[in-house]
Amino acid sequence: MINKTVQHVDEAIRDIHDGATIMFGGFGLCGIPENCIAAIQKRGTKNLTCISNNAGVDGFGLGLLLATRQIKKMISSYVGENHEFEKQLLSGELDVELIPQGTLAERIRAGGAGIPAFYTPAGYGTEVADGKEVRVFDGKPHLLEHWLRADFSIVKAWKGDTAGNLIFKGTARNFNPMMATAGHVTIAEVEELVPAGELDPNEIHTPGIFVARIFKGDHYEKRIENLTTL
Amino acid sequence: MALDKYGIAKRIAQEVKDGYYVNLGIGIPTLVANYIPSNIQVMLQSENGLLGMGAFPSKDNVDPDMINAGKQTVTTIDGAALFNSADSFAMIRSGKIDLTILGAMEVSEQGDIANWKIPGKMVKGMGGAMDLVASARNIIVAMQHNSKDGQSKLLKACSLPLTGLHCVKKVFSDLGVFDILPEGGFKLLERAPGVSVEEIIQATEGKLIVEGIIPEMIIN
Amino acid sequence: MINKTVQHVDEAIRDIHDGATIMFGGFGLCGIPENCIAAIQKRGTKNLTCISNNAGVDGFGLGLLLATRQIKKMISSYVGENHEFEKQLLSGELDVELIPQGTLAERIRAGGAGIPAFYTPAGYGTEVADGKEVRVFDGKPHLLEHWLRADFSIVKAWKGDTAGNLIFKGTARNFNPMMATAGHVTIAEVEELVPAGELDPNEIHTPGIFVARIFKGDHYEKRIENLTTL
Amino acid sequence: MALDKYGIAKRIAQEVKDGYYVNLGIGIPTLVANYIPSNIQVMLQSENGLLGMGAFPSKDNVDPDMINAGKQTVTTIDGAALFNSADSFAMIRSGKIDLTILGAMEVSEQGDIANWKIPGKMVKGMGGAMDLVASARNIIVAMQHNSKDGQSKLLKACSLPLTGLHCVKKVFSDLGVFDILPEGGFKLLERAPGVSVEEIIQATEGKLIVEGIIPEMIIN
């Protein structure tokens, strides 16, 4: 059986170099690769271009790498309640490209699907359309958008097997499956790692062909951004 | 008297019909879920990847892997489905959502909406709003009629960076309910309880159309 | 709970009219909506445009509707070992549009994803490229391809619930999930129909929002086209 | 003596390396699976929606819902995954398949391939072949060197409708193994056992490049 397992997070991220473009799965703090983010912070890799729907919060998730100024550019859709992100954006310290969330998801999906460009109606008539080709289909204007790919994609799954197959849980799925397909090297950290053959092939969200390295994360804090209860 | 945010949410809840698939934006729209009548069946979509969003969890039942687009912990109802964010926006772009409820900083009499950025001051990011307004068939907006310093937010033209063009069908503010006409203009449909037509005229910079007697809205 | 259940196949296909465009799920005879095909044959609906990767075999699957001349046009990728199909194609009786399989799958996916057009490398330099816009991305020529949508999509799933959620089994999944998203009215027939709430939301392949009507098929023959054993 | 189809499949099996993801076309390519050495680990992709295709099932174990792209009943190996056909071709177009083995009616010295249609006579349809040849990084062809009436199928230019341009890297025929050079031409690498260079020259219409001693292929 093809085996993608590595033993430790440091082995998984061993070749992430200064200036790399990295996709990080997750939405808010949900479904983020906590172990890889911490290891990259520790390693001090710099000048990163990060593609992630949000950028964590102050002090957690990608907020950690923003605080240490390891990120040169963010490609995201929502800055939300991340003050460090908003501050660095407004001050011009951080290069930020904001993309409509559905366009971001589709551009990443296109990157992993070998579709170099597609048309979407999102953003027509807004500053998102600046410099983009507009084409009308069925009377409705659309923008030409290009695929997104990355040197590395780092995703977090619930369960994985040694062949690299992944299953996500709940809304922690979010951007992880598309990102897994769009990385030149895709690294998956999982809560539970099982031998190939234990996952039902019919229930797999990401086939192992897309995953280069997989490891079991040491610990998941799973911090909650906005706890709401009845 | 002008409605508070709960009042706006209550009034909007009356727009939700049996069998609807509904996407609720962050802010007042999220509150609408609390006031949907229990005798109708509705599926709430959360664009991060959930259809069939339920109530907030009990304290013992919180799951950090189960959040809505506002990052609030939520539950699922029977018949719910989970999917990735690309599939979620596929669903949105293909026009399967019956009703989309968004917040706004400004709306124009042409149905333009601005809700993601104040240049040099504030950047939230557009999140899923641009995709929603570009594709959803039926977009209504929940908003304050005026800014804190008394400026109208129902305008001839938006001053802030746009989220979408000609897309808003209806506005629910703290002062009233307005259709946005295809030819442009806010057509006043209902007044908030105790709010006069005169007050609404004063508070609206965009073209306001008042025809006949304007009823007071009914909120239970 | 929103309930999509209908009691009988005839109710499910009640409004399929002469001249309709219909997508049929399945690959070969695997994962085809046997009950709906039989009912459409019985009903005698004519001049259909059918979108399906293959067209069954002589005497089964869409081969049934080809034999009765109910199909005016086929949009497919593989004629394969269907002699009636090949005969009607070569004689010009049947209007046939042949599309590369991946392009067919992606065009249907685009139809259900609100993407009116996209670029793909498949077919460049072949007769498939005739009349199509060519654009070069990263030095490689691509063709502009448009979405496919249909008046009706008819899919076959393994399990379904009353909210319209679907789970497919094995390679019977094939084109069914994309087609479910691209029909103006999507009809699902399933082997097992359960109340909403019984399927794990994390294991659903097609969310119920795409399905207008669902019913339990009476009987599945599941004929095997090419039985191979050790 | 020219190889039979099993011989071609056996020789091609030597091209499959440990850790490869491989797509096998219909016909001779399907046979290759039988000859992959047991000491290497390979994942076979079937473009209808399966990665990790296993052997044919035993008689008691046939599942009509589990077929390969040739509609043959198959099984899965440990680590297999199932997906829909759009995701399957996403995988193919994104270049994740290490080796693609296809049949062909004709191949040109430029690496063009024709394998789906004989105008007026036969139409199989292109199936997934056009997507595979347009995207896969490493495409090799298994084919008969000559047609039944003795015409060469390794040509200067294909006469049949093309499946793809400049895509075939290597040809394995019943007579030999050929690289297709970037600048054009079939470079003879190996002869089938007992087949002379002279016979191959006779049988090849396209530009044939013969340099040095051409070894006989080794087939176990």
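Think of it as A, B, C and D in the order they're written, each chain with its own count starting at 1.
The definition used in the following text is that a contact is a pair of C-beta atoms (placed from the backbone, for glycine too) under 8 Å apart; a residue touches a chain by one contact, two chains touch by 3 or more.
The model shown is predicted, which means the values in this text are computed figures rather than measured ones.
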Query = Which chains make contact with chain A and with chain B at once?
reply = C
Inquiry  = Can you work out the whole-Å distance between the CA centroids of chain A and chain D?
reply    = 36
Task = Give, as an integer number of Å, the spacing between the C-alpha centres of chain D and chain C.
result = 28
Request  = Round to the nearest whole Å and give the separation of the Cα centres of chain A and chain C.
outcome  = 32
Request  = Provide the list of chain A residues touching at least two other chains, using ranges where the numbers run on.
outcome  = 106, 109, 113-115, 120-121, 168-170, 202
Message = Give the residues of chain D touching no fewer than two other chains, as numbers and ranges.
response = 50, 82-83, 86, 89-90, 92-93, 135
Task = With chains as vertices and touches as edges, which is it: line, ring, star, complete or other?
result = other
Ask   = Got a list of which chains touch which?
value = A-B, A-C, A-D, B-C, C-D
Request  = Would you pull the chain B residues touching chain C in the complex into a rising list?
outcome  = 19, 21, 41-43, 45, 50-52, 76-83, 86-87, 89-96, 135
Partner chain A, residues of chain B touching it in the complex = 46-50, 55-59, 62-68, 70-74, 82-86, 88-90, 92-93, 112, 120-131, 134-135, 161-166
Key: Residue ranges of chain A touching chain D (in the complex, touch as defined)   = 1-3, 109, 111-115, 161-163, 165, 181-182, 195-197, 201-202, 204, 207-210
Touching residues (chain side chain A, partner chain B) in the complex = 27-31, 53, 76-80, 86, 89-90, 96, 98, 100-103, 105-106, 108-109, 120-128, 158, 168-178, 205, 222-230
Inquiry  = Going by the contact rule set out above, which residues of chain C touch chain A in the complex?
reply    = 106, 110, 113-121, 135, 137-138, 142, 146, 167-170, 202-203
